[in-house]
Amino acid sequence: MTQVVLFNVFNGLIVGAFYALMALGLSLILNLSGVINFAHGGFLALGAYLAFTLIPFIGFWGALIVAPLLTAALGLVIERLLIRPLYGGDPLYGLLLTFGLAYIFEDATRFIWGAQSLPFQLPAFLTTSLSSQFFFVTGYRVFMIVIVVAAVGGLFAVLNYTRLGMRIRAGTRDLDTVSTLGVNVRVLRSLNFGIGIYMAGLAGVLAAGLLGLSPTIGANLIMPSFVAIIVGGLGSLLGTLLGGLMIGVASGLAAVYFPSATEAVIYVMMGLVLLIRPRGLLGEEGRVH
Amino acid sequence: MRPARHRARAFDAAVCLLLLFMPFWMGAIGGYTELATRIIVMGLAAMSLNFLLGFTGVLSFGHAAYFGLGAYGAAMAIKYLDAGTLPAIGLGVVVATFAAMAIGALIVRRRGVYFAMVTIAFGQVFYFLAFRWNAVTGGDDGLTGWHRLPINFGFATLDIFGNDKAFYYFALAVFAVSVAAMAKLIDSPFGRSLTAIRENERRARFLGVPVEFHIWLSFVISCLFVSVAGALYALLNNFTDPRALRFDLSGNLVIMAVLGGMRFFWGPLIGAAIFVALQDYVSSHTENWMSVIGLVFVLVVRFFPRGVLGMLRGGAKA
Amino acid sequence: MTVLQVNGASKRFGSLVAIDDVSLTIEPGELRAIIGPNGAGKTTFFNLVSGLFAPTAGSIKFDGRDVTALPPEERVRRGMARTFQITEIFPELPVADNIRVAVEIAAGYRLKPWLGAAARAVVAARVDELLDMGGLSDKSDVRAGALSHGDQRAAEIMMSLALRPRLLMLDEPTAGMGDQETYDIARLIRRLHRQEGLTIMLIEHDMRVVFNLADRIMVLAEGRVLAEGAPQEIADSDKVQAAYLGKAAA
């Protein structure tokens, strides 16, 4: 029994790490630009399928590097053409636009790569189990954790120690002041969007290795990402990270004890958090709205 | 001011006439009666959403949940309780309204894009409930093995099951009552307090309006009427499945409202007519209908943000 | 009975002390002006009194009752009305509807789903009366957002007046206005004070307006009360000259 529980906690942490990776990107964009990027799941799927297509040519490791970058590049183009004109307007329109994009992404993925699930080839040494007792600790899962930790660590390092990152953080708090200090807000938002989409692409490559490929892979991950942001607290990236891990573990545990509540449990958690602490676990007071 | 009011009355009358004869002219333009019914059902749903979106200024992206609860409530009442048509609709509405009251209380302090996000997320609870609770809801396959029943008024029976035109007029009657109630509310002191919140929340508060309570009430009323539409939708299809609860339906309702013109009372109905007809046409002609629908979203946002009525009336207000 | 009594109110934002131990009492029928250099904490003080946020320390009594913990709408219901530095109206609604919303809410109708003919007539009469008082009768059908700056301000004051407030708080009512508009608004305020007997608390930068209208003046500087007294005392005060008037002249 303990092994089953451990397995599910471990699994939950991995799933939670996914949620967090995706939610962090969403959070970045939401905090600086006020846009809920509904197409985030679409970008994730794109990252996964691009990696699938690239692997035969440049191998897994090459795809791991290139696919998220290509995804981010497409993100920059879309941001420039469609999303940028909406900044500062009614948030309704950003939501609707990205909602429509999500439809188009899912359909395009299906059109290009087909509706059926596709196998995702991993390097052999990643798929072996590391321990006979803890069979579930496969190399790939450990590898995923390493990558997620590196990505999240990298993100926080960029935000805290680079000029770009400090500007993003300052812009999140007070965009007007940042712009009067001579920072080009449009470029800042573009780069920030690119970083967010890069994270989605990276999450996509990792998710493909764990879950296999299907056109709805992104759509299934976006709702938990919203929950992660709400539970963690709006405006707090650390909260988003924490929220993602927590709901991952919660659904992992629910899978053991209340299998039929595997998905619902995270929404119950969200309800409880909103009831007890309306601004979320680490949300800033001024951001209750 | 006067001529504007006359024009509005004339427009109301035109809409009523078109709806009254829709099953008859629908065939002439290549439609069919069921499509006409779907248009008024989705129109009612979009207009209900717009009570909150257009007339209170609060963006809910999770109305499918209450639409679906209305649908499941009505369907389960008929299947398990042998309920008549009207009690079945009533049960669906009660269930959905209670859910809206509870969830509304958790989210009324949020605003704008955050309100939208929380409504989306909460909406999914019911989707997974319907999806997972196989024994009762039929799970992913939906709730089958039941159909709508003729309505017995004592002195006469209306065969809404065997006669699709009869069902259309039944749905239209429900639509009319709901829409009239919403129109009355919008043009009341309560409705004006909601418009006040939309226009300037701070001013409304400093006139003494407890803003959160009014938004909560508006949310509940909006969900109540959307669940009426949901119940009708289940009756229309003699079937309901988890997709009636899923977030993409929420998004579709919002785009219907915006497409028609969310600042106009009839806007969402017009948006629903366009959207439903387009979806019907496109999905029977191409597999890639999702891309077309997605494109509609993008085009509306970029080129018709004020909707069809907003464009027609230029700068003027409803 | 004293209308407003603020006791040792303070407000901190993090390490910044915006309001530091401010006390004040306002008697019925009084017109109190609050002046002070930019950043003195005048608007913050208004926000504390009207309930936009809670004080860090101190208490606020309104009409003899402690309202420190009440939300703004509850204070409004007890008779506290205010305007804002940046006019807060309903821009997309006609002027008459702006006033009508206020009148209906003041009459306790905010939750009514319908209104009888008699009640409607009473509301309409009151709306006309307020439009007339604010000099807005001929603009009643105009979208409020399309009004001139001065008329928007008048509309906002009339909306507050619709509440029949025990205390009317005006935050820089003449800010950004030309001479004629300033004159019109000042005349309106004087009329509300002298003829309607309203108790008014006023933040104002225009010294002509302040010294013409105020019964008493409180001077804030850096969140503290620098001086308080009749207009003449304030004008003669060396402290005020040095800290404020001197600075303004320079």
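Per-chain numbering from 1; labels A, B and C assigned in written order.
Keep in mind that, in the parts below, a residue touches a chain if its C-beta (ideal position, glycine included) is under 8 Å from a C-beta of that chain, and two chains touch if they have at least 3 such contacts.
Since the model is a prediction, treat every value here as computed from it, not as a measurement.
K.L.:
State the smallest step count from chain A to chain C, taking one step as a move to a touching chain.
P.N.:
So the least number of steps between the two chains is 2.
K.L.:
Is the number of contacting C-beta pairs greater for A-B or for B-C?
P.N.:
Between the two chain pairs, A-B has more contacting C-beta pairs.
K.L.:
Closest chain to the protein's overall Cα mean, using per-chain Cα means, please.
P.N.:
Measuring from the global C-alpha mean, the nearest chain centre belongs to B.
K.L.:
Averaging each chain's C-alpha atoms to get its centre, pick out the one most distant from chain B.
P.N.:
It is C.
K.L.:
Could you please state the distance in Å, as a whole number, between where the Cα atoms of chain A are centred and where those of chain C are centred?
P.N.:
A distance of 48 Å separates the two centres.
K.L.:
In angstrom, rounded to a whole number, how far apart do the mean CA points of chain A and chain B lie?
P.N.:
That gives a centre separation of 32 Å.
K.L.:
Please report how many Å separate the Cα centroid of chain B from that of chain C, as a whole number.
P.N.:
Inter-chain centre distance comes to 43 Å.
K.L.:
For chain C, give me the residues that contact two or more of the other chains.
P.N.:
Correct list: empty.
K.L.:
Considering chain A alone, which of its residues make contact with at least two other chains?
P.N.:
If we look for residues of chain A contacting two or more partner chains, we find none.
K.L.:
Enumerate the contact residues on chain B facing chain C in the complex.
P.N.:
So the residues of chain B in touch with chain C come to 1, 184-185, 188-193, 195-196, 199-200, 202-211, 214, 217, 317.
K.L.:
For the complex, give me every residue of chain B touching chain A.
P.N.:
Residues of chain B touching chain A: 53, 59, 61, 103, 106-107, 109-114, 116-118, 120-122, 124-125, 128-129, 131-133, 247-248, 251, 254-255, 258, 288, 290-291, 293-298, 300-302, 305.
K.L.:
Show which residues of chain A lie in contact with chain B when the two form their complex.
P.N.:
My answer: residues 30, 34-36, 38, 82, 85-86, 91-97, 99-108, 111, 223, 226-227, 229-230, 234, 260-264, 267-268, 270-271, 274-275, 278, 288-289.
K.L.:
Of all residues in chain C, which touch chain B in the complex?
P.N.:
It is residues 50, 71-73, 76-77, 81-82, 84, 88-93, 97, 100-102, 104-106, 109-115, 141, 143, 156, 159-160, 162-163 of chain C that touch chain B.
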